[in-house]
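Heads up, the next two complexes both have subunit A, just with different partners, subunit B and then subunit C.
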Partner chain A sequence: MSDKKEPKSIERRRFIRGGMQMALAVSLGGVAGFSLLKSTSKELVWQLDPFKCVQCGRCATECVMTPSAVKCVHAYDLCGYCDLCGGYLKPDSNARSTAAENQLCPTAAIKRKYIEEPYFEYVIEENLCIGCAKCVAGCTSFGNGSLHLQVRHDRCENCNDCAIARVCPADAFQRVPVDNPYLIKGGFTKGGTSKDQLKKG
Partner chain B sequence: MEKKFKYILWGIGAVMLILFFWWLMKDPTSQFAESKPGEDNRGSDTARLGPPVVIGENFQLFGTATSVYKGTWTRFRGADYDNIVKNSLPLTNSWSGNDPEIKWSVELGEGHAGPAIYEGKVYLMDYDEAKREDALRCFSLEDGKELWRRSYKVSLKRNHGMSRTVPAVTADYVLTVGPRCHVMCVKRETGDFLWGLDLVQQYQTEVPLWFTGQCPMIDHNKAILAPGGKSLLIAVDCATGKVLWETPNPANLKMSHSSIMPWTFKGKKMYVYSAVGGVVGISAEGADEGKILWQSTAWNHSVVAPAPVCFPDGKVFLTAGYGAGSMMIKVIPSGAEYKVEILQQYLPKDGMACEQQTPVIWDGMMFGIQPKDAGPLRNQLICVNPADVTKVIWTSGKEGRFGLGPYLIADQKMFLLSDDGTLTMIKPDSKNYVQMAQKKLFDGHDAWGPMALADGYLLLRDSKNLYCVNVSQ
Partner chain C sequence: MNRKLVNIVLIVLAVAIVIVIGKDFIGKKAGKNIENPFEYNMDEFRKVDSTQILYAETFHFPLKIHDWAGITVSDSMIIVASANHLLKFDYSGKQIFGKQLIDTATCITIDENRQIWIGMSHYVVMYDINGTLVKRWNSFGDRALFTSLAVSGENVFVADAGNRIVYHCNTNGQIIRRIGEKNEQKEIPGFIIPSPYFDVAIDDGGFLWAANTGRHTFENYNADGSLRTSWGVTSFKIEGFSGCCNPAHIAILDDNSFITSEKGMPRIKIYDQHGQFIGIVAPPAAFEGSLAPDITVDKQHRVIALDFERQQIRIFERKKE
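Showing the complex of A and B:
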């Protein structure tokens, strides 16, 4: 009898050990597979093509976020660093100064800094920007178009049914891969589209 | 119980009252920051304090050339200031294959200065970035070889190009204005220096944004210039450099990129200048030569590049970019004086407007390219009747967008150059847009400099090159 009992006990232990090993292997494989799948997934986020944008102002009013997740960004490699900046100054402004009455931005989100004669640098303060595109329209009409709009993904909720995309008259909104989420002018015009370029801006 | 309830009510009332006063006293804008002038720490223009400029100090002779060509394009907008070539050679009606052929090209300093042509010689005011010199360069129209160069040191920084004026040329003289308002007069054939004038030093001229765009005028051997500082207009004897008259500037009008246009109205010859701050008509002859006949400060814009377009009936069309739009005024004789009446004033989207180039009049109609802020008509060539410049007769359409480039008319054809170097030939028609030919001639960038045409050769430029294109039959 005892000869018969011993093999049964070994089989149970082996069975439990083998089962545990199998479960662990399946778990690890599953986690690894899932991670691999996630890292190579085609997850998409919203972005707007600055070359299609017509500066209608709806990015400011239609976004579910307040203020809008769409912000003005600046392609410094395109900028002319003009004293008379069409994106900063109201058309035909009385003076080329930082006075409120001369500024085009309704929230004073663009900071103007003198570099040296005759160059000025323009920096966007994102917390103040509401994405109204007034500066973009001015820069596009009278300058090099270096000021342009982008959906900022640190703010965007990435709604499935993007409220701005629904009403964009230029069809400028499109889904782009999450690992390449910006369509930035400047470098973009030369083929580059990376977060690094946005950071540079 | 009733008393207790009363106390509670009084308590609530008192709290409400305190809250109300708190709300009333609170300034909801306390977190706002004021935007005041000077926050950009704008500095002074240190280039003005650089070494004194010795106008015309250098001369280089590279060669000589005789020419069979007799055609001329003597100044900005040509001999008659209308941008129309008179007595042109027959020009080809269509282009195919290699037509129109680029005969030669030369490299230039970055800018938008246009050429003038006189009997086989091309004169162009350039800026040599390597040597940091303003340079009047004389080329052979035949092959583009540089014949001579008269230059002087002047410090400039790139600011959307540097050179941007067209010389005025006569049989005897070449008159130039450099980016920093240095005027130079030389002998046309030899380049011998005659005289120079620093308008900033002599007249406290404020150099316009992106440097000087005013093209000089020679009228009966008098250099007519608009310093816009201490004197609004001046006349200088081309032979001697002697200042003949100076127009006072009581309204403190400033130099613009616009150029002075001559106008004869009801027998009176005058100079019309669209300055920064106003438009003015100044007597060009007689005992009152140099005196202001009329002016209006209703036309007041910070950047003015197109020249005024004057009509025989007293109307003057004024236009400017950067959101300014246009204005049609009428000058009305009133006894010995003149009155100015505003007929039309509107934004760029509401009628004919131009940012850099000046509209051209042909067959009683006005043609011009709309600026980028003209709404749906942006960058399109449009045709209007001067009787109502807000009523568009035709446009070049969505597919016919140009840019800030120049245009001129010759041999019943209108040539338009797009920013990228595409040349378009149309029939200037008062009823329809009729495109005859189009070709991308070169990979251009900011091809904005005025054109010149003589002896069947059309001179075009982009920001860095001058091209001679054969458009003759």
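Showing the complex of A and C:
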């Protein structure tokens, strides 16, 4: 009589109970593991890779901040300090001057300062910059690519789903550790001074 | 009945999830294709008058190695240096010689004795035509960045973009003179070299020409290092040079007309010996990207370009009248 099988309904009930216990244990373990991982891993923030950037203008129009938290920054060690600066002057400018009609920047956020013949320094006024990348396109096309965009973390809300990253055609946005939040250009500062590297800006 | 209801709920849920994901995907795709209100439009400057195009591309062939340093030509042979190799091709694109270099090359030229001179960033080596290493100069220091070489008899001119100077050396690498240092008394403006584009060439009279790329000028120097003459046009238009470092590469034909190659908006042009714009060898539409092709010319006045973007050797010949 001892080899009598248990009824089928009891077997199924035991199986469901066991399954539920297992699922609970796994989910609890998962939550605990995820919490532990999150507490030990570094916090991440959004940043854009200037070498991937295609100067599409989305940083100016898509950011939830007004004006955008993306700003133009200047790698002075890459800059040629040119008189005829492709990032400052419109291609069809009638003179190499600071006249408004000759400036490429729609908000006049770049200040041109004479240093010595024939050098000029270009400084970005971040309060005026809207992150449109027009100057970046000009500098990349004709210069060394010293003007480039970066997410400025004193302004960025660090949205979970970055509105610019969603529409960036170059997928240039990425999460970077908060303790190293910028991807600044500048071959000389990073020790990369090979001819090929500099040619690529 | 209950099972039927559960199935219906599950199907509705699955459809809803698919709709949400699809909408997000399509929305994201549409967002990526919106127009750029801040577009930097260079189309106007890429257009050229077709009557100004005096050359036509007659042949091109691909290069299989990357990181090319420069190109030169001798007789019916095209010689190119990549970062690590020296290669020779005939005009049909057939490789006839290949050799690994001892270091990373940055520029190349060939002299009238068919000796190949290669700049290795901060020193120079010389190979004979069979690829045997004949000379190796001492280093010019860590700051040196050699971008061009020109040889005339026993005189070797080395363009150093790092120190913004042209060294006039003998064939053993001893410096005879430093050319182009700023000197107001001698009215030498000094080289402005914002990036590693600094080319030199020798004209038919044996005089040195250097491209002062920061000023968009060609400067011609006497044997004693004094400035003989200069010319240049700064403009985004076709007859001028723009950006920080143009003309990036130069070559001189035996009638002393100049061939120029520009970066930013790549184009190859021809100027007469006085610097007057003659016409276009290759318009911007012939190129992709922004790197300036290195150029050389042969005795038949063909322009041979090393296109870094397409990884090709491209041969341009003057159109028949």
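Note that in this section the second predicted complex is superposed on the first by the 146 of 201 C-alpha atoms of A that agree within 3 Å, B and C clash if a C-alpha of one lies under 4 Å from a C-alpha of the other, contacts with A are read in each partner's own complex, and residues count from 1 in each chain.
We adopt the following convention: contacts are C-beta pairs under 8 Å (C-beta built on N, C-alpha and C of every residue); 3 or more make two chains touch, one makes a residue touch a chain.
Treat the numbers as computed from the prediction; the structure is a model and nothing was measured.
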Exercise. Clash or fit: how do subunit B and subunit C relate after the overlay on subunit A?
Worked result: clash
Exercise. Once the shared chain is lined up, is A:Thr98 touching subunit B (first), subunit C (second), both, or neither of them?
Worked result: first
Exercise. Now for A:Lys113: first (subunit B), second (subunit C), both, or neither, which partner does it touch?
Worked result: first
Exercise. For A:Cys82, is the partner it touches subunit B (first), subunit C (second), both, or none of the two (neither)?
Worked result: both
For this session: Between subunit B and subunit C, pick out the one touching the greater number of residues of subunit A.
Result: C
Problem set entry | First, second, both or neither for A:Gln150, with subunit B first and subunit C second | neither
Problem set entry | First (subunit B), second (subunit C), both or neither touched by A:Ala133 | second
For this session: Figure out whether A:Gly57 sits in contact with subunit B (first) or subunit C (second), or with both, or with neither.
Result: second
Exercise. Now for A:Ser68: first (subunit B), second (subunit C), both, or neither, which partner does it touch?
Worked result: neither
Exercise. So, A:Gln47: does it touch subunit B (first), subunit C (second), both, or neither?
Worked result: neither
Exercise. Just one of 242-250, 278-286, 332-340 or 404-412 in subunit B hits subunit C in the overlay; which is it?
Worked result: 404-412
Exercise. Taking the two structures together, which residues of subunit A meet both subunit B and subunit C?
Worked result: 80, 82-84, 86, 91-92, 118-119, 140-142
Exercise. Which of the residues in subunit A end up touching subunit C in this complex?
Worked result: 55-58, 60-62, 79-86, 91-92, 104, 106, 118-119, 132-134, 137-138, 140-144, 166-169, 193-196, 198-200
Problem set entry | Of subunit B, residues touching subunit A in the complex | 33-47, 157, 159-160, 209, 301-303, 321-324, 371-373
Exercise. Which residues, counting only subunit A, touch subunit B once they are in their complex?
Worked result: 80, 82-84, 86, 90-100, 103, 108, 112-114, 116-120, 140-142
For this session: Using the touch definition up top, name the residues of subunit C that touch subunit A in the complex.
Result: 28, 31-34, 36-40, 42, 44-45, 67, 69, 83, 104, 106, 121, 145, 147, 192, 194-196, 214-216, 234, 236, 242-245, 263-265, 290-291, 308
